[in-house]
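Labels run A, B, C and D following the written order; every chain starts at residue 1.
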Amino acid sequence: PIVPTDTIPGRFGFGRAASAAHLTRLDSDVRPDGIGLPPGSGTAGQGAVLFRAKCAACHGPGGTGGPNGALVMTAPADALALSGKRPERVIGNYWPYATTVFDYIRRAMPFNAPGSLIDDEVYALTAYLLSANKVMDSTMVLNANTLPTICMPAQHLFVPDDRRGGPEIR
Amino acid sequence: PIVPTDTIPGRFGFGRAASAAHLTRLDSDVRPDGIGLPPGSGTAGQGAVLFRAKCAACHGPGGTGGPNGALVMTAPADALALSGKRPERVIGNYWPYATTVFDYIRRAMPFNAPGSLIDDEVYALTAYLLSANKVMDSTMVLNANTLPTICMPAQHLFVPDDRRGGPEIR
Amino acid sequence: NALAKGWPAMAVQVGISQYELKLLDDPTRVPGLPPGEVGTRSAFEKLVKKPSDISSRSPLQDLHGIITPSDLHFERHHNGIPTVDPARYELTIHGLVHRPTVFSLADLKRFPSVSRIAFLECSGNFRTGKETMSPQEIAGLTSQSEWTGVKLSTLFREVGVKPSATWFLAEGGDAARMTRSIPVQKGFDDALIAYAQNGEALRPEQGYPVRLFLPGWEGNMSVKWLRRLELGDAPWHTREETSKYTEPVRAPGGGPGKIRQFSFEMDARSLITYPAYPAQVERGWIEIRGLAWSGRGKVVRVEVSTDAGRSWQVAELQQPVLDKAHVRFRHLWRWDGAETEICSRVTDETGYTQPTLKQLIDARGPDTGGYHLNPITPWVLKADGRVFHKPQNWR
Amino acid sequence: NALAKGWPAMAVQVGISQYELKLLDDPTRVPGLPPGEVGTRSAFEKLVKKPSDISSRSPLQDLHGIITPSDLHFERHHNGIPTVDPARYELTIHGLVHRPTVFSLADLKRFPSVSRIAFLECSGNFRTGKETMSPQEIAGLTSQSEWTGVKLSTLFREVGVKPSATWFLAEGGDAARMTRSIPVQKGFDDALIAYAQNGEALRPEQGYPVRLFLPGWEGNMSVKWLRRLELGDAPWHTREETSKYTEPVRAPGGGPGKIRQFSFEMDARSLITYPAYPAQVERGWIEIRGLAWSGRGKVVRVEVSTDAGRSWQVAELQQPVLDKAHVRFRHLWRWDGAETEICSRVTDETGYTQPTLKQLIDARGPDTGGYHLNPITPWVLKADGRVFHKPQNWR
């Protein structure tokens, strides 16, 4: 006889519960609203020193362009527009959220030793890059409270893709 | 505008005509009606000498079984049936056509040097195996005329597969 | 040429380098290996065929989905793998044709091409005898690829096959000069002159540079390293269709036994590949997985029994279900931990349902030999979760 | 670990052994090589990807059918290929879920599994600029596999995703800790937690042992070496969805330009892969062959023009045409030997037809950058049969 199949369960029960310690170790992302930012702080001055030592070889002096690309605007957008040149897409003129700078440096930089910076260093480097990009006052102490308050010039340009197929070319 | 596709041709014209010489070199199969058998001839006596030299190491003395299997019936089927043993499936009790022996030896044997026998040798070895299997008189000269006349005991057993799917198990 | 032949096996065994060991502790803190010209299999995966002198079996229990990686496609050769220079390769078509023609590999690739995913199975693909046999050992002489080539019907038209032609001979360029007689109708139906497999040129083990591919028919007929096709008005009765690849069967009505010849189509078959020896499972939910196929068309149903064949449940078939192709079936089951037997059976679009070995032997007689055996293949699940083959001896 | 990394390339270059050379004269007279544990590619075939520091391109012009051999699947890494020990591998799912859970690889394989054939394409997959560019160089960052894994929806149910969860973060275990925000709906629709590719375990380059696979969506989001999924109520705006993988576009109505973000779906695209640079063809019948695909569903039509886009003919699509999958198209054409331009365009089931680059730039503006460029890609056929890319410069 052909009998009906076993009812598929709501849960299979495979896997183990994730402990709080496990999640603390693993959960290191940062959102624009600041959720995920760790304790600690840093300033642009501290960041400048770190940047020279750990970053400038790849991103150029002051982050203005090296073998792995610029991180800092070199001229105001207006000046570039007048000169007919297109501005490089860097933090100051393209990134919509300052928290992303912290998150990305912490997870991926320096490229040859990712995960090697402590959180204070990441705050300091973020402060350095944000102030070099003129989106933050160079004297401000960056921490979990101040970082999410920084407003990025390009933020209002971002629009989610609303294409849904169909004949239109966009 | 969407226009209709080019008409597909009767011929593409790729490839070159096969010359008669090319086909003569390549076309070396043999059919039960003898088509494909080459000139030349051989006897079981000649074949016995060749077999000892080139075949017996793999198929045993007289072809009665070696590391690569028997080619010759060792006892009549009746005797085996009486003894309860199943006869080995060899030329004399299983092969439906004598021409196949010639064709197969010529294309594939000896296993370690296929294609190394001349046609007279293949006739001789075929004669030897057919007479050892008692389907041919040991004195007969085997050639393109005589080989297709040999009648094989198992021939009437062969039936083409006539299953065509459906529920039946056969 | 052990190096050229042996490199992939070597690579599997090279294992993990010192550099990689360092990475293992925390791969997020050390840059990884750079992109390459040709990818590698992970050093942690040991995926190998099981070779004998004349064949090599696909590791069915290790595979997922329906595509067999080309380097794990089963092998069956009658005198080894020839090395064929593609620049010198030629296919000759002659006999009962209006224009005997020689095609180079480049010529063949110029014709309209087709691709299809289909299985290839050796008709001698059943072994049994001991409990510790894996799907690979029992039925590893089946594999599936996406084959690309020119339809044989296109070449038949090109050379002008005469109406009197009813059979053709396919001959390989290997040391066995493998030769089989094939009805011309199959050439018009769906035969392929294949030059590619899973996106790339055929592998040498599968007939590089060109093989015949006859969907659904016993693997031996899909002649590899194909060099010649001769059109004729009768079969040739080559050694591989008389002495071999034939089955002693009972006569209809019970007279003296017959020998079945030209048994081309591969009968519908299925096999559970998980759980299967040497896997060990835990009680609770188990997804029973396997392959089902038929040489006569599409699989329409696979049923799974978890109580030694007393009751059956319909398994899910992974879509798309293709013609003459391996289909992946899956069936979710909650195992209570008691010893039992699990097995599968397939039904194809002709209405044929996979039989037990006993049904096959009853129908064909005990002398039938090893070709075209497609029995239901039960696995014994022990209370400790180990899974064993249930030997199906009859000789 | 140059050996382990380099072996396939080495094997390609090992060439023909002395023994094989002897065979080449007449392979029918010398026994061939024996069956093996792992097959080899023919030494006559040189099939390689084209690597840069960060990517490696599939040799589209050398491939047949729709399956990309796993070792020729394109690569794009953001800090190399990590080596992940499958025994230590874990996937953690947490955030807005009822039961934060850690799954081992063995756990993942116990869940109900599915397989599907689908393409994966990098959204930065268009290069142009000189005539001597092959399909591999122009568009080699797309490949297709049969992927097997567990549906993400199955895992979502297992951990109990809360109704408030609208996005999830996928994080890789590589040195870039690649991170993307993905709408939860995609997880319920058709996302896969994949552990196998073309029948075998994922290759390291494609995320061994486990990757996310989002059918039809830009490749970067199908995070490789997947180690963590966090459910949340907003996107994270990671660097790869802000600084990268976004496109400057014209504002609707012509205001100041905008930056398009979260452009997930890969627009329908097609490309002739034969004849294409560096092939040279002869006048007469030519089968024009190529690939077509859409991230929004099925391909419904491919048209081919052999007169620089003045007229179009409907090409044949190789069946089965699968959802979000490369489809092989073919079009038979008789070339009279006069210089011309050939190209293809696809239409998908949403009614979208592949545009020209000019249409794309007109719509998006000249500053749009290199993501999501899917233009009609013409080939120039010279009178001597050589085929060249027609550079599509706009910057």
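By our rule, a residue touches a chain if its C-beta (ideal position, glycine included) is under 8 Å from a C-beta of that chain, and two chains touch if they have at least 3 such contacts.
Just so you know, these numbers come straight off a predicted model, no measurement behind them.
Where contacts are defined as at the top, ignoring chain C still yields one piece in which all remaining chains are linked. The minimum number of touch steps linking chain A to chain C comes to 1.
Farthest from chain C, judged by the mean position of CA atoms in each chain, is A. The geometric centre of chain A is 76 Å away from that of chain B, both derived from CA atoms.
Look at where the CA atoms of chain A average out and do the same for chain D: the two points lie 27 Å apart.
Per-chain Cα centroids separate chain B from chain D by 51 Å. For chain B, the set of residues that touch two or more other chains comprises 8, 12, 14, 107, 111, 114-115. Listed for chain C are residues 28-29, 31, 79, 110-112, 175, 177, 285, 332, each touching two or more other chains.
Taken pairwise by the contact criterion, the protein chains fit none of the simple patterns, being neither a path, a ring, a star nor fully connected. By the contact rule set out at the top, the touching chain pairs are A-C, A-D, B-C, B-D, C-D.
Chain D contributes residues 1, 3-12, 14, 16-17, 19-20, 23-24, 27-45, 47-56, 62-73, 75-77, 79-88, 110-115, 146-148, 173-175, 177, 195-196, 198-206, 208-209, 225, 285-287, 289, 318, 320, 322, 328, 330, 332 to its touches with chain C in the complex. Interface residues of chain B facing chain C in the complex, by the touch rule stated above, are 8, 10-12, 14-18, 22-23, 26-27, 29-33, 86, 89, 91, 94-97, 99-100, 103-104, 107-108, 111, 114-115, 154, 157-161, 163-170. Chain contact summary for the complex, chain C toward chain B: residues 78-79, 92-94, 99-104, 107-108, 110-112, 157-158, 169, 171, 175-177, 179, 227-228, 230, 232, 234, 236-239, 242-243, 246, 249, 256-265, 296-297, 348, 350-353, 355, 359-360, 363-364, 367. Those residues of chain C whose C-beta lies close enough to touch chain A in the complex are 26, 28-29, 31, 284-285, 303, 311-314, 331-334.
Of all residues in chain B, those touching chain D in their complex are 1-6, 8-9, 12-14, 107, 111-116.
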